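Look for subunit A in each of the two complexes below; its partner is subunit B in the first and subunit C in the second.
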Partner chain A sequence: MEAYILLTPSLIGFLLFLLAPIAGVVVISFFDWNLMGSPRFVGLANYREIAGDSEVWRAVRNTVYYVVLNIPAQTVLALLLALAMNRRMRGGKVLRVLFVLPWMAMPVALGIVWNWAFDPQHGVINQFLSLFGVDGPAWLSSTTWAMPVLASVNVWQYTGYTMLFLLAGLQAIPESLYEAADLDGAGPVQRFFRITLPLLRPSMFFVLVTNTIGSFQMFDTVYVMTQGGPGGSTDTMNFHIYQQAFQLFRSGYASALAMLLFALILLVTAAQVLYFRKRTVYDFS
Partner chain B sequence: MSVSVRRILAGAATGALLLGLTTGCGSSGSTSSDGTVTLRYAIWDAVQKPALEKSIAAFEKQHPNIKVKIELNAWAQYWSKLQTQLAGRTAPDVFWDHVAYFPQFAQQGVLADLTPYIKADKLDTSVYDPKLLSGWEQDGKQYGLPKDWDTIAQVYNKTMLKAAGLTQEQLSALSWNTADGGTFVKALQKLTIDENGKHPDEAGFDSKHVKQYGLALASPNGQTDWWNAATQNGCKLQDKAWGKWTIDQPSCVEAIQFIRDLRLKYHVAVPASVTNTPNGAALPQVMARKQAAVVWDGSWDLNAYQSSMQDNFGVAELPSGPVGKGTVYNGLSNALYTGSAHPKEAWELVKWLGSEESQKIIVATGSVWPGIPTLNQEFVDVWKKKGVDVSAFSEEAAGTTTGYPLTTSSATYNIKVLDAFNQVWLGQQSAQKAAESVNEQSNAAVK
Partner chain C sequence: MSSSITSSSSMSIPAVLRRSTLYAILLIGALLSVGPYLLTLNAAFKRPADLLSTDAWTPAHPATFANFADVWNQYGMSSFLLHTLAVSVVVTAGQVVFSAMAAYALARLEFPGRDWLFWGYLATMMVPQMITLVPLFLMMRDLGMVDTYAGLVLPTVFGTPYGVFLVRQHFMTIPKDLESAARIDGATTWGIFVRIMLPLSRPILATLATITFINTWNNLIWPLIITNSDRTRVITVGIAALQGQHASDLPHIVLAGAAIALLPLIVVFLVFQRHIVRSIALTGLK
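Up next is the complex of A and B:
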């Protein structure tokens, strides 16, 4: 009983700010409502409209494309960094902080700074390229480049954060395993694939699942840097939801879209869980 | 509950969380213990803020029991923020209103009808330009008092114009056509110089390395670029007020095509990759960087040019097109929120902002043209003292003008036109196709 009393504060927060809004979204998705007048019940009309709305499916494709650009690059880079940081060296702690700094900064402020960096004429990136005689593209005006630019900004921002988790995982691997492997004559490549990677699985699972979910919900970078353009090439699901709800004031339709995003994330996460469940987890704790 | 499951739920809650924000935006004006009322006043233009602060300082002096807090939100966020606040019943007591969003607000009942206040205070509304006053009227109800008016003209760099051997009178007398661009394009060719000092009509001109462009254009919706060319080509944006969009008509598409040609065919206008909203540079910024000699911009930006160019800029009329001269004419109003906790004090503020006394203060700063036409000359004189002749704006206002489209589909139009026309200016989509798709989608949203 006491436990429940102690739980009350966080439970109230959970009910009020998480569960109630979620229930709200489910309900609103069956209505036509501009946030102002009285909502009108429309049944499944919003969901039917989604099925025939090519812009929604473009947003789904864009989101998946972003996740595909973002997650592998971010995970591999974070792993390499973690491996590099996992040895004793001078200034290691300072470096660790430096790598995590981008994650701690405000995404909106970062977006503005990166906007300057990617400016076609005055940005540092094209200025740098011009040193080598390369005419850099108009990054954010190009349907080809805009999404990779957004993905690279996010990779830059979150790699250090991801690295922290992997580093913690690496440091939990008992040194004795490597010593035994040395005695058996295993080389560095074998050590990595036979010991490090399998033992890193729990950290990897956590990092992949949470980062993938986070990527599916990407919003602030699009909002600041491209507003979904050019030509809708960076219109991701979450930005589309925002636009429908807060620029066109179609909160019913936006709620239905949020349900679609939820279903998508659920599907992908379930696949990840199943994949990792099939593999053995070695526990040394 | 595990972290991952929480994150999944968070995914579903995205919309909900955003909706949740609506309740946390602060409350409408408050009363403090000593009886002082604080009103919230929302605006979107940072350039006009200093002038308004002056006017409000005078207002607060006259009304010691009222304090006014200005809330500045840039145009790009202003409407979504305001609408969200309205939904959460926490909107500012007084806010800037725009013709594009006025109809929707009037329908939703969030704008107070000022008629009873006007009658009670025996306010003389005949001082306002009737065209402006009637713009804020619907079904016999008055939803705002005219704050200002604006037109679009050509702001130019004096040094650059002189170097090309052109005068303000010549710049005002140019004309364009769809066949060869006319004298307008010829003048812009003179003003466009590549890194080797060559002009676009000379052999060996390098369009990839241009030092100075003749013209810069930018607009999220058309007001400061193609709507003007459209007016000069006889294009009507709508079949009638509150009616259907008609921007897919040949006269409109030709005008859009001409604006596109200025960049991509004649190479006399700054590339769209530099000026496209949202990541592009604002027009006063382009002029400050000396990237262009001339821009098409609204009168509300005059103070922005002065702060970056001092008196090295002038104002000329827009060129005439195949059908003649033309500009977009518009104005703003101050609206009173029906949910205000202090309607009396808020009305005092609305009344003050519409008064000759306040508009005189605004005019003296050179901020915007006044809603009271008898003060127009004062505005001209203020700028004459600063060395700038701004009469081009009023000359144009007296000629052929296109009003801001009256429609319930502004929100949809604004989103669609930005994305589609950015692509036109970049050369990624044809004028015809973009006009057709924006027209169709905007008409589908007309209520």
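Up next is the complex of A and C:
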């Protein structure tokens, strides 16, 4: 009885604002509906339209491209940073705080700052490049550069945050393992690949899975920096869904697109889970 | 704690070199992390003419507060900020209280369907947020809550699976003996929750509060969808609108707005950062 009283507020939120909308998405995806008038049942028509919609597949490609640019760079940088920070040093705590600062920055405000930084004439990036006589490109109006710029903004924002989780993982590795390796004459490279990396897998798993899910849902940075342009080169899935649902009022189609994105995320997450389950042998919990 | 001052004199020359290279790289990294903040602040203090004619790293001279005054008074930043503060405080308070209550029930009380419910919570953490916005908007519209504070607050004020999960994991680590002893002394479930569990969980509750506050403060998409007038508009939407309208003609105003939006968060983060770092170290692995 007491349990249910304690649970009631949370359950209201869970059922009403999480489960009900999820069920709603599934239902709406079978309808044609502009959010006004009455919905018209169209069966699988929305899903069939997706199959032939080249803009959707461009958005899928853009999203995957973004994830591929973003996740490896961010993870490797965070790992190097965590390895460097995993020792006693003066100012270590201050440095750690500085590295994590970008994580809490408001994406909208940041978008403005980065738009300004990447401005071809007045931006700090090109001003800096011109010191070396390099003529920087018009970053955000170039179909080649716009997406890498968005990815680097996110790498900047989440590297420190990711580093925190990996650092926590590094600090949980028992020192005795390294001492034993030293006795056996293992060098630094062997120590890294035989001890550090394998034992870091649980943290790595957490970081990769959550960051990948987040990257597939990237929205704010596109919204404030490029609005999907130039020429649709930064139109990601989540931004496309937003446009279809809330600018073109095609809620049925947007819901079907959301199902597609969900399926994509589920597929990638499942692949990561399977990969890590096969390889994670050690458990210190 | 650190003994690098005394030990450096006894270190070999290559070791000293290695250590200083490492420091140099870390310092460059730190500078890259903080740089955009500093440049923004610097630019926000520049006069409009100087902003375009000087390099980004040239200090604002003479510094002016006019940009801040303009964005505050003429572009409604003060009311956006007030709305954001109200929404963030209410959502944070609700999430911490309700998540803690649910977490206690899920961690300690016996009732049918408990584990089933817990896994249900976890499963929804994997569902993308964007997927639910259309039905959520329709529901809010039918309830007449478009462009109201209730519409802004309701979807998240009852707590999130993430919050419940975070606090439950912590409650699981508190020894059960404390509760048994209190029960023998005649304490009720509610009494144990308020007098034992909550006081023992201050760091994790502070972490949840900070994360919730920052997420709510920064949230763009839901306010963008559910508000449509300056009556309820929050700062993320205000900033996005400012950017959309004045990015090219009034960059100094837009940058001052960005600085105003970022500063309160930095303060919150600096106050609570110790809790965040510690609790990530405790819960991040499982």
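Everything that follows uses one rule, which is that the second predicted complex is superposed on the first by the 278 of 285 C-alpha atoms of A that agree within 3 Å, B and C clash if a C-alpha of one lies under 4 Å from a C-alpha of the other, contacts with A are read in each partner's own complex, and residues count from 1 in each chain.
Quick note on the criterion: a residue touches a chain if its C-beta (ideal position, glycine included) is under 8 Å from a C-beta of that chain, and two chains touch if they have at least 3 such contacts.
Note that this is a predicted model, so its numbers are computed, not measured.
Visitor: Report for A:A172: first if it touches subunit B alone, second if subunit C alone, otherwise both or neither.
Guide: The answer is second: A:A172 touches subunit C but not subunit B.
Visitor: Applying the touch criterion given at the start, work out whether A:A105 contacts subunit B, subunit C, both or neither, answering first, second, both or neither.
Guide: A:A105 sits against subunit C, while subunit B stays out of touch.
Visitor: After the superposition on A, what does A:G229 contact: first (subunit B), second (subunit C), both or neither?
Guide: first
Visitor: Please tell me which partner, subunit B or subunit C, touches more residues of subunit A.
Guide: More residues of subunit A are touched by C.
Visitor: On the A-aligned overlay, A:L248 touches which partner chain: subunit B = first, subunit C = second, or both, or neither?
Guide: first
Visitor: Which partner does A:R90 reach: the first (subunit B), the second (subunit C), both, or neither?
Guide: second
Visitor: Quick check for you: in the superposed arrangement, does A:I213 touch first (subunit B), second (subunit C), both or neither?
Guide: both
Visitor: Check whether A:Y275 is in contact with subunit B, with subunit C, with both or with neither, and answer first, second, both or neither.
Guide: Once the two structures are laid over each other on A, A:Y275 reaches no partner at all.
Visitor: On the A-aligned overlay, A:F193 touches which partner chain: subunit B = first, subunit C = second, or both, or neither?
Guide: In the superposed model, A:F193 contacts neither subunit B nor subunit C.
Visitor: Is A:F41 in contact with subunit B, with subunit C, with both, or with neither (first, second, both, neither)?
Guide: After superposing on A, A:F41 lies clear of both subunit B and subunit C.
Visitor: Counting contacts the way the document defines them, which residues of subunit A are shared by the two interfaces, the one with subunit B and the one with subunit C?
Guide: 17-18, 21-22, 24-25, 28, 35, 115, 122, 206, 213, 216-217, 219, 238, 241-242, 245-246, 251, 254-255, 258-259, 261-262, 265-266, 269
Visitor: For a test of understanding, state which residues of subunit A touch subunit B in their complex under the given definition.
Guide: Of all residues in subunit A, those touching subunit B are 17-18, 21-22, 24-25, 28, 34-37, 115, 118-122, 135, 138, 140-141, 143, 206, 209-210, 213-214, 216-217, 219, 225-232, 238, 241-243, 245-249, 251, 254-255, 257-259, 261-262, 265-266, 269.
Visitor: Inside the complex, what are the residues of subunit C that reach subunit A?
Guide: Result: residues 1-5, 22-23, 25-27, 29-30, 32-34, 36-37, 39-40, 43, 51-52, 55-57, 94, 97-99, 101-102, 104-106, 109-111, 114, 117, 120-121, 124, 126-139, 141, 154-161, 164, 189-190, 193, 214, 217-218, 220-221, 224-225, 235-236, 239-240, 243, 247, 251, 254-255, 257-259, 261-262, 265-266, 269-270, 273, 276-277, 280-281, 284-286 of subunit C touch subunit A.
Visitor: Which residues of subunit A touch subunit C in the complex?
Guide: Within the complex, subunit A touches subunit C at residues 2-4, 6-7, 9-14, 16-25, 28, 35, 81, 84-85, 88-90, 92, 95-102, 104-117, 122-124, 127, 156, 160, 164-165, 167-169, 171-172, 202-203, 206, 213, 216-217, 219-220, 223-224, 238, 241-242, 245-246, 251, 254-255, 258-259, 261-262, 265-266, 269, 285.
Visitor: So in the complex, the part of subunit B that touches subunit A is made up of which residues?
Guide: 3-4, 7-20, 22, 76, 79-80, 83-84, 86-87, 108, 110, 208, 271-274, 276-279, 289, 411-412, 414-415, 418-419, 422-423, 426, 428-429, 445
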